[in-house]
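Alright, structures below, take your time with them.
In the two assemblies presented below, chain A is common to both, partnered first by chain B and then by chain C.
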Partner chain A sequence: MMTPALAKWHKYRAVGIITVKQQLHYRVDFIVRALFLLLILFIFIHLWRAAYTSSGSETIEGFALNQIIWYLVFAEAVTMACPQLCVRIEEEVKQGEVAVRLIRPIAYNGFHYMTYLAEAGLRFIVQLAAGSAIAWAYMGSPLFGWGWAGLAALLPGAFTVAFLLNLAVALLAFWVEETRGMEFVLQKLNFTVGGMLLPLELMPDWLERVCGWLPFQAVLYFPARMGVAFDGGRLAAFLLTQWGWAAALAVLCAFIYRRGVRKLNVNGG
Partner chain B sequence: MSTAVSLTGGRGSRIRRAAGIARYVLTCWKLNLAAAMEYRASFFMLAVMMFVNNCIWLVFWAIFFNRFPAVNGWELRDVMLLWGISAGGFGWSSVLFGNYPRIAPIVANGELDVFLTQPKPLLLNVLVSRMSLTAMGDFLFGVAIYALAGEHTLIGAAKYALGLLISGLLFLFVTLAAGSLAFFFGHAEGMAFQLFNGLVALSTYPTDIFKGTARIVLFTVLPAGFISYAPIGLLRRFDGTFVWLAAAAVAAFGLLAVSLFAVGVRRYTSGNRMAMRG
Partner chain C sequence: MLALEVEGLVKTFLVKRKPEGFKASVRSLLRPEWTEKTAVAGIRLKAEAGETLAFLGPNGAGKSTTIKMLTGILHPSSGHARVLGMVPWKERAALAFRIGAVFGQKSQLWYHLPPADTFELLSRMYELGRADYLRRRDELVERFELGPYMQTPVRKLSLGERMRCEIAAAFLHRPELLFLDEPTIGLDVIVKRRIRELIAERNREEGTTVFLTSHDPSDIEQLCRRAVVIHHGTVIFDAPVERLKREVLTCKTVRLKLRDGARLLEKLPGGVRAAEAGPSAWRLSVDTTTASIEDVLAAFVGHCAIEDMTIEDPPMEDVIRAVYEGKAGGRPAEEGTV
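Moving on, here comes the complex of A and B:
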């Protein structure tokens, strides 16, 4: 006999599997994104190569050139893997589809979490493969040893925090018509203080300290940093911080959802 | 005498026709702006978003140059001016001729039919029928960068304006040429989009980080180099060769884009899509 918890797990697992199957049909989208990633990495390889040559040193803040490039591959792959949750929820509210979604026997936030994870996971593999192709050709093989395990350990938390940050903004669609402006700001915060464009160590000290108090580092900096320079002691701290932020953001999202769902007026459906 | 009268008459008619087209273009721009102002909050939000987006990139560059004060001779001020010229040029061309990044989907979806029925120059009519709202933020960003880091003399302003002109025209012509491929290959949206993205991305990084083949590509197939080298070859020191080559590139891509569009339209087959233009 199936326990309620097991039945629930089967339900969410099915959502994840269906999402992966759906995503496999969007091959052109995968190729377009991968081509863009190749272009961006091509530019960054030239930029960082010129910067290291100008500086005249082999390492900067402990990062060798190949580590910086692979850091960018990991960070960009995570960034480009993340689905646009705000657009999705905003459309659901505008078109009334949310009404159908809310009466289904599956938690609204949980449903979106599973689709997000499944989509992001699949896209990450594709983006990582594309990014690795160019980084490998220019920088050589990614011999990071345990770094790969560190990266894998931090990815679920990274996607969870990314999902919750986006969900907190996306759920505001229950009150306001447009959330894309706020999503845009969130995205830019990830680019800068999240460490997508460069590792936090390369920032001025004061900014690095500020970034250390924000949740954005848990999405891109943690996995990418651990991927290129494994440090067992810091891995535990990263995991703790990551899931601590995930718990805090989950509470925030539950609060926003409860308030929002009472406020929601749906047309259509 | 009769020949002279006929010539004068023909010239007069051409002038009247040109004046008529200019009035039509001006009316289109006014209507586009009026339509944007209908949703004022959205218009300002989109413009501000793009302005902020560009500012965030400058934050990255400020951090980068804080760590590496000079990269292949480029300093923070040069990159700021590079962003100003690139974003500003893209901004004015997309505000005034907002349909140029959309040529491929317009052709592929049969949306050209509605323009073909109107007694106006086809290409110009298509281009001016849309105004990009976000691009207003890009243009204003270009102006703000000049105010912040530009050379505040008459010559300095003229050089910056020339940079904006070259940049805007290159964005317009290269993207139009790429979009016109849809006449020949059907669904060329993906390819046109990639070329457009490539041009935008490559025009916002210092040219001198690229060597060899990549550099040749930047000054030929995808002429982003004529935009990204402007802070050095036009603003820092006036390099006549670079400026003439940039003007020649604008002319060549202009000719290519207009020719591709003109030849392509002859191959265009109308769809059965019903469309109206307000």
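Moving on, here comes the complex of A and C:
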């Protein structure tokens, strides 16, 4: 006899499994993204090499060139793994597909969380493999010791915070016709104050302090930073901050969903 | 026992008005104008468990909006509803275990995957035991003749094959009440008939209450025992389908195309009127209260060289018009029909 908790686990696990199966059909998308990642990394490797050469130092703010490039690989792999949740939910509302979601005995946000995690997980593996190929060739092996474990420990929280940040914006589609503008802003905040292009330590002190109070660091900076420079003490702090943001954002999303679903206008017959 | 009970259900939407012209568009950006649109205007309805109910109306009548409120997807602006004893928009998740829905224009199957994968997912979503699920799946696969399609990606299925899979999937968790929103839209005559048979069979064998919307009068004639017609968001007719057939669906259109040089009967059978006449193509209106469609067809087939022939039901708009003109004396919503 299945307990209610076990039945729920099987339910959400099944959503994850079917998402992975469906994603395996988007081979061209994987290849295009991987090629784009290779191009970006190729450019950044040369830019950072030039920066290190001109600085005349082996390290910048404690990061060696090898670490910076692998930081970029990890951060880019996470970025490019994240599905476009706003586009998906906006289309669901516009096309009326949201009706098919809402007639099921599964939480709407929970369903999207599982599809997001499954899709992001699969894409991350592919992007990491592509990114590693070029970084390994130019920079050598990623011997970061416990860094890999730190990266793995912080990835679920990173994708969870990324999902919740996007969900908070995506759910606005229940009220407004377009959420793409807000998604664009969110994405660019991740790129800049989230530490996609460079670790927060390399930013001006005042900006680093500001970033420390924002949730964006939990998505890219935390896992990438821990991946290239493991620090046991900071790992606990990172995890705590990450899941703290996840809890706060989950409450916010639940609130937005409850309000939004009452306003929802399901289009089409 | 009542499967659903609806009282004064109203749904209004605010719709942004967008006047023509560039200036008006800019003004609308700064100061948008909203108008209130009433999709459902106080529906009153009851349905017994095990009933097969046709919920009819032209486009924009409020059929789909009503279904979406009864399944808990939309919150009403006012009014009450209980579906299987639950308030749908307040107990959506609990109700979802006991109801099913098929939206003819929205697929629940995962596009790139075979239907078997969606069935597996649904079994988990509805928390079915493994043995029970496998037994049920095999039973539905056999009854709906899905064997050849279960392992074929959905994108490779024809519309008819896909709809059979959709409807079988909706029956997987043995819903007590099934909402079918235009399940036969776009299908050919043979597939439509098969789908109707399968739904009727589930209703007969499992007592599933069927709540069907359709634009096709044949769906109603062949599947439902009761018809509720809504227009502009209110119920304008609520009576047994037999009565609708007797008093409103009294006309069929027969289109005949004759072979070159062939001639139509000198004298048309009683109850048949030529609505359009051409040298070789004819549109005939058959009054089914005075002439049986079988006899009329037999007369033409026996005496004319026919190249092609089709039989059409009156469009839903004509049915609505006939109801409005008082041709059918169905009871208005206020009286209710159970």
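Methods note: the second predicted complex is superposed on the first by the 268 of 269 C-alpha atoms of A that agree within 3 Å, B and C clash if a C-alpha of one lies under 4 Å from a C-alpha of the other, contacts with A are read in each partner's own complex, and residues count from 1 in each chain.
To be clear about the criterion, a contact is a pair of C-beta atoms (placed from the backbone, for glycine too) under 8 Å apart; a residue touches a chain by one contact, two chains touch by 3 or more.
Just so you know, these numbers come straight off a predicted model, no measurement behind them.
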| item | value |
| --- | --- |
| Touched partner set for A:209, first chain B, second chain C, both or neither | neither |
| Touched partner set for A:7, first chain B, second chain C, both or neither | second |
| Touched partner set for A:258, first chain B, second chain C, both or neither | neither |
| Partner chain in contact with A:27 - chain B first, chain C second, else both or neither | neither |
| First, second, both or neither for A:102, with chain B first and chain C second | second |
| Where chain A meets both chain C and chain B, residue numbers | none |
| Touching residues on chain C, where the partner in the complex is chain A | 13, 59, 63-64, 68, 71-75, 92-94, 96-97, 99-101, 103-108, 110-113, 117-118, 120-121, 124-127, 129, 181-182 |
| For the chain A and chain C complex, residues of the former touching the latter | 2, 7, 10-11, 13-15, 18, 21-22, 25, 95-100, 102-107, 261-262, 264-266, 268-269 |
| Sites on chain B touched by chain A in the complex | 42, 45, 49, 52-53, 56, 59-60, 63-64, 66-68, 70-72, 190, 193-194, 197-198, 201-202, 205-206, 208-211, 214 |
| Touch list for chain A against partner chain B, complex | 28, 32, 35-36, 39-40, 42-43, 46-47, 49-51, 54-55, 60, 178, 181, 184-185, 188, 191-192, 197-198, 202-204, 207 |
